[in-house]
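For reference, the structure discussed in these notes is given below.
Labels run A, B, C, D, E and F following the written order; every chain starts at residue 1.
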Amino acid sequence: MVLLLFIFVLAGFLGFELIQRVPSQLHTPLMSGSNAISGITIVGAILASGAIEGQMGIILGFIALILATVNVVGGYMVTDRMLAMFHSKKGDK
Amino acid sequence: MVLLLFIFVLAGFLGFELIQRVPSQLHTPLMSGSNAISGITIVGAILASGAIEGQMGIILGFIALILATVNVVGGYMVTDRMLAMFHSKKGDK
Amino acid sequence: MDLLINFAYIVASILFIFGIKMLGSADTARRGNQISSLGMLIAVVAVLLTSGMNYTWIIAGLAIGAVIGAVTAKRVQMTGMPELVALFNGFGGLASLLVGWAEYAARPEPSAETGAAVILAILIGGITFTGSLIAYLKLSGKMGGNATLFGGQKALNALIALAIVGLGFVFVTTHAPWALYALIALSLLLGVLAVIPIGGGDMPVVIAILNSFSGLAASAAGFVIQNNVLIVAGCLVGASGLILSIIMCKAMNRTLGNVLFGSFGAATGNTGQAVEGEMKAATAEDAYYVLEAAQSVVFVPGYGMAVAQAQHAVKELAQILESNGAEVRFAIHPVAGRMPGHMNVLLAEADVPYEQLAEMDDVNPIMSTVDVAIVIGANDVVNPAAVEDESSPIYGMPIIKVYEAKTVYALKRGQGAGFSGLVNTLFFRENTRMLYGDAKDTITTLVTQFKD
Amino acid sequence: MDLLINFAYIVASILFIFGIKMLGSADTARRGNQISSLGMLIAVVAVLLTSGMNYTWIIAGLAIGAVIGAVTAKRVQMTGMPELVALFNGFGGLASLLVGWAEYAARPEPSAETGAAVILAILIGGITFTGSLIAYLKLSGKMGGNATLFGGQKALNALIALAIVGLGFVFVTTHAPWALYALIALSLLLGVLAVIPIGGGDMPVVIAILNSFSGLAASAAGFVIQNNVLIVAGCLVGASGLILSIIMCKAMNRTLGNVLFGSFGAATGNTGQAVEGEMKAATAEDAYYVLEAAQSVVFVPGYGMAVAQAQHAVKELAQILESNGAEVRFAIHPVAGRMPGHMNVLLAEADVPYEQLAEMDDVNPIMSTVDVAIVIGANDVVNPAAVEDESSPIYGMPIIKVYEAKTVYALKRGQGAGFSGLVNTLFFRENTRMLYGDAKDTITTLVTQFKD
Amino acid sequence: MKIFAPKETDSDETRAALDPIGTKKLSDLGTNVLIESGTGESSGHSDEDYRQAGAEIADRNTALAEADVIVRVRKPPAEEVTKLKKGAIHISFLDPFNEADLIESFANAGTTAISLEMLPRTTLAQKMDALSSQANLAGYASVILAASRMKTILPMMMTPAGTISPAKFFILGIGVAGLQAIATAKRLGARVTAFDVRPEALEQAESLGAKALRIDLGETKSEGGYAKEMTPEQIKIQIDAQAKVCSQSDVVITTAKVFGRKPPVLIKKGAIDQMQNGSFIVDLAAEGGGNVEGVVAGEEITTDNGVTIIGLTNYEGLVPQNATQVYSSNITNMVEHFLDEESKTFPIDLEDELLKGCVITHDGKIVHERFTS
Amino acid sequence: MKIFAPKETDSDETRAALDPIGTKKLSDLGTNVLIESGTGESSGHSDEDYRQAGAEIADRNTALAEADVIVRVRKPPAEEVTKLKKGAIHISFLDPFNEADLIESFANAGTTAISLEMLPRTTLAQKMDALSSQANLAGYASVILAASRMKTILPMMMTPAGTISPAKFFILGIGVAGLQAIATAKRLGARVTAFDVRPEALEQAESLGAKALRIDLGETKSEGGYAKEMTPEQIKIQIDAQAKVCSQSDVVITTAKVFGRKPPVLIKKGAIDQMQNGSFIVDLAAEGGGNVEGVVAGEEITTDNGVTIIGLTNYEGLVPQNATQVYSSNITNMVEHFLDEESKTFPIDLEDELLKGCVITHDGKIVHERFTS
């Protein structure tokens, strides 16, 4: 648990440092992209729906899995669409 | 061990991100300051000289402790002296 | 096998880190997103290797979720993306809540630590879910975008917070299911209450915050199931989301606190006269991105350029824009400045080539094809009242019709009027953004942006 | 108690993170160092709380080390600091080596993982130790600063590396003490061999690298004794030290590889004529820090300023320097440029106040009190040969004696000569730094530095 | 509608009321433009140029009697007013404050006299504002005149043969002419100091790189773009402060006019006496009496201590081609502004802000409020 | 050592060889300075000014006979050479390529004649380089002259009364004078195109903001800072390209001289015929024959198509005070450079790089290599 906390703290700092000056045009894609990452809870959902005993747990896990997958798959795809648009606009000139 | 590796990786990234644009005047103090931090091995040395069994271990630990302490104490003090000088120069104007 | 999985987690985390970093810069953003999705793939594959899994449910869940996600993502209109992101975000939060709940359902007697983690996962996940839903509704127009306020809101929120703390304590000590259910209900309620009072215009910041929350929720879920990739990825998102929302607030000239709890509704410029619309401030950074992509740019200098002595900086910006491929013109209004030819003197001093100087009559017909018009300390000479408002004292004066350009940046120090003392409705238009500050400073900042 | 200790470790790590971050910026550096030392204190106190410790040795060791460290740190001359840092760094490396060794001595049958960690701690620690020692000797002048090269060096190094890998394998599998001792010896040898061929001028970069190594050694020691504060702090130092050394190389216009393995010795400008000294390039960033602290600055414009059309940028820099408290003058040499009054035309265009223009004869007498002279694309008019070299065709021509200023920055595009085609010895002087590149770009970068 | 531009009668006048560009524009608007032969001679335009632009070269007397609108630069000789047909509109500078008789005769002739200097100086009217357009060129010309007369150069030059210090200019009155004089002298590299009673004008001078002389005069006001008259004490303080600057200046250019009154005398003999041998004073207000004591309108005098005082009455006439261009454009803009598209007439609506300001006589009466009493 | 500055004999000459500042400097160096009465009159300096600077006002004939060094601007009248004492040093412009007789008489008189135009143009010699110091002012004055004569202004102005387009200048020959002309015209806001045969000069013109006309002429060389003569084909190509620019220009300023030869005729009648009515050509090479076909040295002519060709011989004389200042400074620097501190004499060492270049006669002989044959 302590180690996990350690990891948590370090990751937090890293998150802070990573995002320094983001051009405002990228605010939305960045948000959307990191939203997709937050779908990492999919891993938890998989574990819950696949490895947990008890009906209740599995049902909850299953719903969680669907939602998390939507978040991940949809999130990445939307972000990619946004960025593709942005790119082609830049490519124009 | 895996968690430790995790921590190691995160800390490494964090170290990279922290130092972005350092003015050349600060190169030496920064080096000196982080040198002092690398004296953290003092913690290991304390454990070695205080908690390890076996004569050999203790002797090695003891020497390590002295060296690490020199590194830590001397390192911080030298850095502070450097920075104090730098400060007063800036304060001048 | 476990070692492999854990190693995969590390790789996934590293990919997330790179992904987020690359998302922060225009050139690498798309690659960054792909790299982070690769990280996600690795994490998912790794967890699937866990021994003793029941794949039926998993595959079903993955399939259903993937189809829904992919279809919505494909279908959505460009304009609908922000609200979709909000919705997805809400799903993520709910998923974290459910993971926490499921874990409790499976092992109903958690240790204190795990219990606390469960509560956090549920709490943060719940807030994220309903908060995101409200944001979605507001953004998609299914709910009034205005701030919805009612009396005692603050008191109510405080009460709920108190109740949550109490219930949390009860749950950790007694593991009573009812406490859990109550917590779930309250957290969902709290999400609604927190977002409802915030105006539609501030929703992007709210989403950024909720995004940060959903990361934290994932992280909390990670603590529940003791999974470090969840912790790392969740916390990365949590922290970067927070920073991002702060950056966004800065870009809006607000503080985070002000957005979340401040006075709501659209701030109108204190112009003393009723004008429709509001003056929208932008930063040089915003302008940079628009200018960077602009094909044709028209500068409209006025007396403020003379006062700021910004001509040299303007010349430099014009040169940069040209070498960036844009067509650059200076539209000189005959009465700009305080003497005939005032702008000419200044621009000649800065060595702006005469070829770039355009007369009002030459530039007005093509104004609607101009991507960006940059109004540098000019006011009266671009005041649409001269064309539109018959009651205006300057009605009938020819002006440079910058308002027809796709985007207008107006550089001024503040809300000062021009020589004629009139309110300028240009500054309140939909396509106008104010860049406040001394014109020279603003231009120099823009130049710096281009150089970085 | 364990929880408390671990918690303290986390706090210490956070303090280190803040400390390093703050060390990176001039305003906060000193506070940063103090914060990181606080972190160290917390870590030490925490470890002392570990149960079952024998405090006799510990207190003795701490006391002895502290006294030595404090006294040397107090005593050392300002000029001796860099080598002292090198020495301390070496001690840190050796300590890590010893910690690894002690752990092995205490538990001579380590797992494969721990065994690998022990090897790493010993290897990196050993290299750090002797490498630092050599750096110390070179810097303090106790050993020739020149690169010491001998034939077959590379082959030898490769051989040693091979041997280390082999011995490492033996040690991990058999735990044989002799393998360990051999490893220690070889790592010490490798440190010596790696640093000896590097010239004294490059020592700062070497120290930065060794500093990074000592961090990694601590981290390795952390893996040996499974202590996470060691891992975190060591790795932070390792990574930041690496970045720092890369930054330092950039500031010297070199690559890291070039410094460590490249052709050694001083690079002389390819001027075609033998001149003592070397042309030393600097970056605008370096110049910024010197200018920032300068009390009096003299600009010496020449034809290059005209070619670069840098006058406006120069004016801006001058203004910034003035508002920064420096006294700014423009020293105009009568024949600077290509026509009489060439500089006057340009500076008047940029609106440099006439009060700031100084004639050669007025500025020369005070030149030795000037902190920084900035030579902007001037060459012949600041060529000391006119005063010093009787054989020079321009001997006897009056020049602006910038070489008397404390620091000279010369802005040129490259090694081009001036109108007269002569080599300019000014550029090879001890107090001159070249800022290569178009003068306008260089000045603009400087201006940007001030604005950031 | 017939618009007639007669040749200016003043032999010093180099400008014309219309140039070929203006002629063309008026023709395109559907009016008939009549030009007296030789009108454009001194501003660089031949009769042929006008003819190609659509004008008819007309006999002066015939055209005066026929024309619906007469445009010229200077006020007409009194005898010509009677030649105009009833209801004709006469547009020119009129100097109405000093020309009561002339106004009287316009009224008697039943003609509409428009005095361009009376045009309200609103933002809207600027395109017709001939005072501004001419003052602007006068400011430029005054500096070039001084530069061509000086024994020294304007810019600073640091040369192998020593440093030539910059010429010092002092501009008094920072209106349109003063600003352009500042701009021109600055362009040539002179050190320029400037003064005006209106504080906002000082900022404008600074926006052109001049040093503003700030004299504390207590309260001053401005109205409609023109300066108000000052109290005697204020004038005294100002005069002393200026004398000091003058004594250090190589060239002093004065441009201070006060609407409807004699220009203030800002440079007294005492100040001139302290000025350097070889220095110049250029008085742009000379026509109305001058800002400089002893200035003679239309002439150039040199004082005992070697100060040359130039008192031309027509600086803009030094660049006649451009002066004609902008004057012609002002006139054309005015006609275009008020022209009735259908009937091709120039209706005089005395309710109109602008016309109310500049129409002096109409329908046999003096209608302008400042001249009726 | 006595140094004498006689009043210039050419009545058009406004400059003097010494001004009071130079006089003072020479006096401080320990020499005796003699000045003829009225020497500084036209450059703004009274006898009194000189006297205060340490000079003695001397009778011309006496002083000519007494002085060890005679300094003046223009070449002396032939009859005065004989009046000099043997061994006297005479410093001035001499135009030695066209004045064989004068040189002869210097040699016969046993005097040392230093021709300032022959001074090698090394970086070291710049402080004495009167050609540069005068050409510089000539470049400035030529533009101011043109500006004061034009019917239009130089800068562009976008005004409510229409846009005044900038005047177009074409500068031919980008030496010292050409560069300063470019700088001055640019300052005033004109559009400037410039041309020179030396490619490096084009970069210099661009460094002042002019547009360089790049004509491909094949190979051209420059030597010691002077242009070499071109081949006939090269001249043809150049003339055609220039004619086009001329026809679009309001003012053409030519400054092309070739060391020791007649200046090339760059603007032929054909080009002038295509130029606009009211445009100007200012020929700075007029004295040596001119760069412009039909130019008359010292006069101003107007062609049938209204082009005014100005061929003054002394543009720098338009700003006599500064011209005198820098000339005086060149002279003073030269005396100071060669003065023997102890004996206060001006020893002529023909081994010296600079003297070798500019001493024409010495010790009764013509010693300069270019004039001995």
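Please note the rule applied: contacts are C-beta pairs under 8 Å (C-beta built on N, C-alpha and C of every residue); 3 or more make two chains touch, one makes a residue touch a chain.
From a predicted model like this one, the values you see are computed outputs, not experimental measurements.
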item: Mutual neighbours - chains that touch chain C and chain F alike; value: D, E
item: Set of chains adjacent to chain C and to chain D; value: A, B, E, F
item: Chain whose average C-alpha position is farthest from chain C's own; value: F
item: D-F against B-D, pair bridged by the larger set of C-beta contacts; value: B-D
item: Per Cα centroids, the chain farthest from chain E; value: B
item: Distance from the mean Cα position of chain D to that of chain A, given in whole angstrom; value: 40
item: Rounded Å distance, chain A centre to chain C centre (Cα mean); value: 18
item: Mean-CA-position distance for chain E and chain A (Å); value: 73
item: Computed distance of Cα centres, chain B from chain A, in Å; value: 36
item: Shared interface positions of chain B, touching two or more other chains; value: 3-4, 6-7, 10-11, 13-14, 18, 20
item: Residues of chain C touching at least two other chains; value: 13, 17, 228, 232, 309, 334-335, 340-341, 345, 348-349, 351
item: Interface hub residues of chain F, defined as touching at least two other chains; value: 126-127, 132-133, 136, 155, 157, 159-162, 164, 187, 189
item: Interchain pairs in contact, sorted by label; value: A-B, A-C, A-D, B-C, B-D, C-D, C-E, C-F, D-E, D-F, E-F
item: Sites on chain C touched by chain B in the complex; value: 3, 6-7, 9-10, 13-14, 17, 228, 232
item: Of all residues in chain B, those that touch chain D in their complex; value: 1, 4, 7-8, 11-16, 18-54, 56-58, 60-87, 89-90, 92-93
item: Chain E-touching residues of chain C, taken from the complex the two chains share; value: 303, 306-307, 309, 334-335, 337-342, 345, 348-349, 380, 393-397, 419-420
item: Residues of chain A touching chain D in the complex; value: 2-3, 5-6, 9-10, 13
item: Chain C - residues contacting chain D, complex; value: 309, 312, 315-316, 349-351, 444-445, 447-448, 451
